[in-house]
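After the structure tokens below, expect a handful of questions from me.
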Amino acid sequence: MENSLGKLFTITSFGESHGRCVGVIIDGCPPGLPITEKDIQREVNKRKPGVSIADTKRVEEDKVEILSGIFNGVTTGAPICLLIWNKDIDSSEYERMRFLPRPGHADYTAFMKYGGFNDFRGGGRFSGRITATFVMAGAIAKKLLNLIGIEVLAHTIEIGGITAEPKGFDEIKENIEKNPVKCADLKAVEEMSRAIDKAREEGDSLGGIIEGIALNMPVGLGEPVFDTLEGELAKALFAIPAVKGVEFGSGFSAARKRGSENNDPFTIRNGKIVTATNNAGGILGGISNGMPIVVRVAIKPTSSIAKSQQTVDIKNMESASLAVKGRHDICIVPRAVVVVESMMAVTFCDLAMRAGLIPRVIK
Amino acid sequence: MENSLGKLFTITSFGESHGRCVGVIIDGCPPGLPITEKDIQREVNKRKPGVSIADTKRVEEDKVEILSGIFNGVTTGAPICLLIWNKDIDSSEYERMRFLPRPGHADYTAFMKYGGFNDFRGGGRFSGRITATFVMAGAIAKKLLNLIGIEVLAHTIEIGGITAEPKGFDEIKENIEKNPVKCADLKAVEEMSRAIDKAREEGDSLGGIIEGIALNMPVGLGEPVFDTLEGELAKALFAIPAVKGVEFGSGFSAARKRGSENNDPFTIRNGKIVTATNNAGGILGGISNGMPIVVRVAIKPTSSIAKSQQTVDIKNMESASLAVKGRHDICIVPRAVVVVESMMAVTFCDLAMRAGLIPRVIK
Amino acid sequence: MENSLGKLFTITSFGESHGRCVGVIIDGCPPGLPITEKDIQREVNKRKPGVSIADTKRVEEDKVEILSGIFNGVTTGAPICLLIWNKDIDSSEYERMRFLPRPGHADYTAFMKYGGFNDFRGGGRFSGRITATFVMAGAIAKKLLNLIGIEVLAHTIEIGGITAEPKGFDEIKENIEKNPVKCADLKAVEEMSRAIDKAREEGDSLGGIIEGIALNMPVGLGEPVFDTLEGELAKALFAIPAVKGVEFGSGFSAARKRGSENNDPFTIRNGKIVTATNNAGGILGGISNGMPIVVRVAIKPTSSIAKSQQTVDIKNMESASLAVKGRHDICIVPRAVVVVESMMAVTFCDLAMRAGLIPRVIK
Amino acid sequence: MENSLGKLFTITSFGESHGRCVGVIIDGCPPGLPITEKDIQREVNKRKPGVSIADTKRVEEDKVEILSGIFNGVTTGAPICLLIWNKDIDSSEYERMRFLPRPGHADYTAFMKYGGFNDFRGGGRFSGRITATFVMAGAIAKKLLNLIGIEVLAHTIEIGGITAEPKGFDEIKENIEKNPVKCADLKAVEEMSRAIDKAREEGDSLGGIIEGIALNMPVGLGEPVFDTLEGELAKALFAIPAVKGVEFGSGFSAARKRGSENNDPFTIRNGKIVTATNNAGGILGGISNGMPIVVRVAIKPTSSIAKSQQTVDIKNMESASLAVKGRHDICIVPRAVVVVESMMAVTFCDLAMRAGLIPRVIK
């Protein structure tokens, strides 16, 4: 296992879905940054299931506790430990499924890799619940990025094949707070909600696409040739369960464009060099170019579904069928929005520190 | 800069496009592996421009030299240094363009990040030529993977919007050797070639998509939660200049599927657990599941084009136009095929070593 | 700050002396290892102040809790979080000394490096209390090492200039349990105890030397040229506050020997290659040679003393004098014995895993 | 093997004693630093055997070549590759000794760890010749440190039991250039020289102690709790073959002192906080305190000696005797002086960058 990410701003995730807690250590956060449990709680709450639409029924308080690294409300330079105690746990269903790996889930590979010793309850380390640790770390990363003006935002742009109309940054920011699918196109929201309801009725699930945006990026984040901005960000995003694709700027559609279309012409605006278009998604040569970062993340449909599926009883090595009961999101896209934001923030923090863009002591 | 990749099988790339050489250190290769310069040369030759279709006109011998780590034709456990001396260099064009960053290229970000001290000739560290160092490392990685049966293959599946029909592994392997675009669908090859010719005539360029496949993967590669197989592979692939998207298995199309369609049912075949479909691209929970790895990589159109483009003279801060002369690939997709293969091999080697699947001494 | 150590067996320490807790994450421990809180408690208890001789008066229960990574009493492969809640804390004295750095202590450098934001209470991250996190990690490391037969032992060989007579491994093991200074020479123990008493009366403190031994080492631990066994072990040992020197085998006295004396002749014993002497301390070329590892660690006298000392009021930038009240060890050597053992165990685990000598799954 | 050192200023060593070359990659050096081959050559020349006293007879030109990372005489931010081609190689003696491991040398452990595939000629990777790569990296590190005023110096303080009288920094600097043993006490130099001559006549070898000093250190180098200044420096120094002990400030003698003696009182000098004494060797809590760094390194006597020694024929598993012919230093201490300096410089550079004390671009 490798549960640490980042070189100078390093997060280490721990805990299991049905264990005592989930938590994260943030090492490398400069001293002098004001942080309260409320700041982190606010972010963690965004990960909570929405009103009724796209949610697991597991309702946890998910109360954040600061265990170390913050003194008198300010970071000290010491490692910050943030923790959420697990409550409201019912593991009975998982005992039943222990040797029946859910199709599309990590049950089979975890069993094989860890010799059957992995904590299988609720998916253990492979549960979406682990992303709560990413969000806690992201809360601190966002605070740090704010100091240098960087703003990170993610939103749902597609669910179940229904795509949202493009909107401006401010409209996105405002609209996603108004609806449980975190989509800026309020017309699409209705369709998406209906699609989720339909999938629920049919015991099925939906996937979608999340777009992440970062504004006010300085030039210079990214450490080529290997620790490129795209590469580091993609690695961080693929740590989110269910992510199966990542693209930047024009992404896969760039493959169909000509150079003369896809290249972003340089121009001068307000005495600053900018590009007239942003097919590059704000990244050239693996380094931020000062334009908004644009990244899109493909989320596969939730693998746990009520419909009966074919699997194998790995104890007796015989065919079996499985219908996953219990509480599962029909579509995790809305809840993953803040997770995408968090992984963006964590990655930018690390690269900004590596580029010397964040002070060693906050004053 | 960060020019090392991998935790146990570590490659360190160095050199510039128009400097004295490009080279790579491979640290962590187990002792006892037979390697000759020929083995590496064969791979490097695959990166050479094709017959006439999709190429730069720079013709380099690109002769591989082993400087260290191999003794009596066998690896010793010491770091392996592989080197190609640069020849046939004409940097005059780059002097002219020094302060005229090419749209879509790293010229601007490199200038800003490195304070104008970067070696700008031929793109310096940001040249596609640097991928020759990836291919040299990949040659050794492939040899190691062969020991445990893993076979890695990449091929062109789309150029300029023209898509290839899907083919079986053996047909792909055979057909891509027959044509300069490295595509298994020989009918599509003709269209792709024509499209490249047309783009050349118009002073423009094309992008495309490469698919990478790995067969005979053992279960267990990937170290969640952060060093997932997807994450590590994506990071390695985004180090290839021009890559703007990476997806696994059903990838972005998974976003439009339902769980019941996208989940791969488990079944037993020849006493082994397999999945009936492979929408997961061989990866569940960030860990290989024993099915073929399937990854697709979006390559943007070459940014250097003959057509006139708008840019900024960054010395005088005024608008300028730029038509890139010199020798440039119209479409780098065919040459990038072996680079994708190499980065896959390097990543698998590192993860296989981390999973304890490659012996510490080869016997 | 950098609070992680180890490449494959990685420990991450967190917490402060007077904060809520001290804790450690162990990442990379193979699944299948039986571990109970008792196993860890036993080791942590060894760090407790001895009967009356060499101790702080702070009496904490120091009860170990397992927060993650262990399921049904067995490691799962997931990161293990171990925690001790802080109790019995009186920080009043530290408020008084906040701007009066104690000579010989980290107060001054921590204040400067962390811009005055560091948690100064009880030394914060620089307290000896942090070594409890090393001991918790060491408890797990020792368990792993036992699987491959390695036994690690440390003992006091010098305190306040009083040196112990050399003893055999078994005698050391037996005798150190019998006395609070953890010295195998029971005659020296009496003198050492008297010296400690005398220093206490005079408001002063003592240092000493700890020797660490490891038996049944396999050949091959150590990854030259930089991650040598000596280098990795020294780095780990210098993380223990108060360590100012580390030597292996004949160590500094080797500097006065001739090659013919210092070289250990190879010979065959029971069909196995061994050395007739062990001036190398079990390490040749940075790699274990199968002989016992012998390392010695110089511990400076405790910097917090009751005697008045000269310091500077860093707020007002004026001379000041300081007599440290409160509870402090007169000599930390006895309590550091288990910490030395723990850092040895942690280092050996990491290097044994890197050398492929510990299975990926324990069966 | 692990041949990279440093987190932000990273050096990667490669090459073998009797292979084609020895070389080093420096990754992370900021752009804008003027560097010529002469700068590096000057340092490498200091490693050359002295006039006649303490040397191997192998005489190599050791001409440094810059292969990458420097453009128009200035660093570019890209990885710097420095190389020395091997010449004047006679490997015949090593063929004879292939299965006769030299006592005190890495022959045995290298053979075992690398399955007999290691390049045994001249010790391969375990030769003192590898330290030439450290010196090349050190040359660049020293240049960087000079920018922020740090000066690093090492000198011989003991050879064969003969100890030098302490001298001031300037006298050391001046005197060590005047004599081949690099000792500042010119009287001791004579005795040391005679002792070396005597050892040579007797077919034996000598060890000694080197002291390293760094002036004008800023406060704040060192990243506790694990990447302490002592720990990082010790790890780097133990990479030098023959080093068996490292101590800081009062070091092992601190173990015999009382707190009241060993603590360095703080005082104000020229408006700056300093310590009245420097028993801490410039380091408190693993962080530089602004006083001179003082480190001492124990060098064991050269293991290759002309005298006959007992060993084992590892092919036939029988006792054997071995007298090492060929060219070997009687005492490597003088040649190791610049190597100690280099490892200090490399470590300080990395820690200074991590503390944000070196600019990202040199202007």
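A, B, C and D label the chains in the order they appear, each numbered from 1.
The rule we apply is simple: a contact is a pair of C-beta atoms (placed from the backbone, for glycine too) under 8 Å apart; a residue touches a chain by one contact, two chains touch by 3 or more.
On a predicted model such as this, the values are computed, not experimentally measured, just so you know.
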item	value
Result of counting contacting C-beta pairs for B-C and B-D, higher pair	B-D
Distance-maximising chain from subunit C - centres being C-alpha averages	B
Distance from the mean Cα position of subunit D to that of subunit B, given in whole angstrom	39
Inter-centroid spacing, subunit B versus subunit A (mean Cα positions, whole Å)	27
Intercentroid distance (Cα basis), subunit C paired with subunit B, Å	46
Residues of subunit D touching at least two other chains	1-4, 13, 113, 125, 354-355
Residues of subunit A defined as touching subunit B within the complex	1-5, 13, 101-106, 108-110, 112-113, 125-126, 130, 158, 160-161, 199, 204-209, 219-220, 222-228, 230-232, 234-239, 241, 243-252, 254-268, 271, 273, 275-276, 279-281, 284-289, 298-305, 307, 309-312, 314, 317-319, 354-355
Complex interface listing, subunit A residues touching subunit D	7-8, 354-356, 359-360
Touching residues on subunit B, where the partner in the complex is subunit D	1-4, 10, 12-16, 19-23, 25, 27-28, 31-32, 66-69, 71, 74-81, 83, 113-115, 117-119, 121, 124-125, 361-363
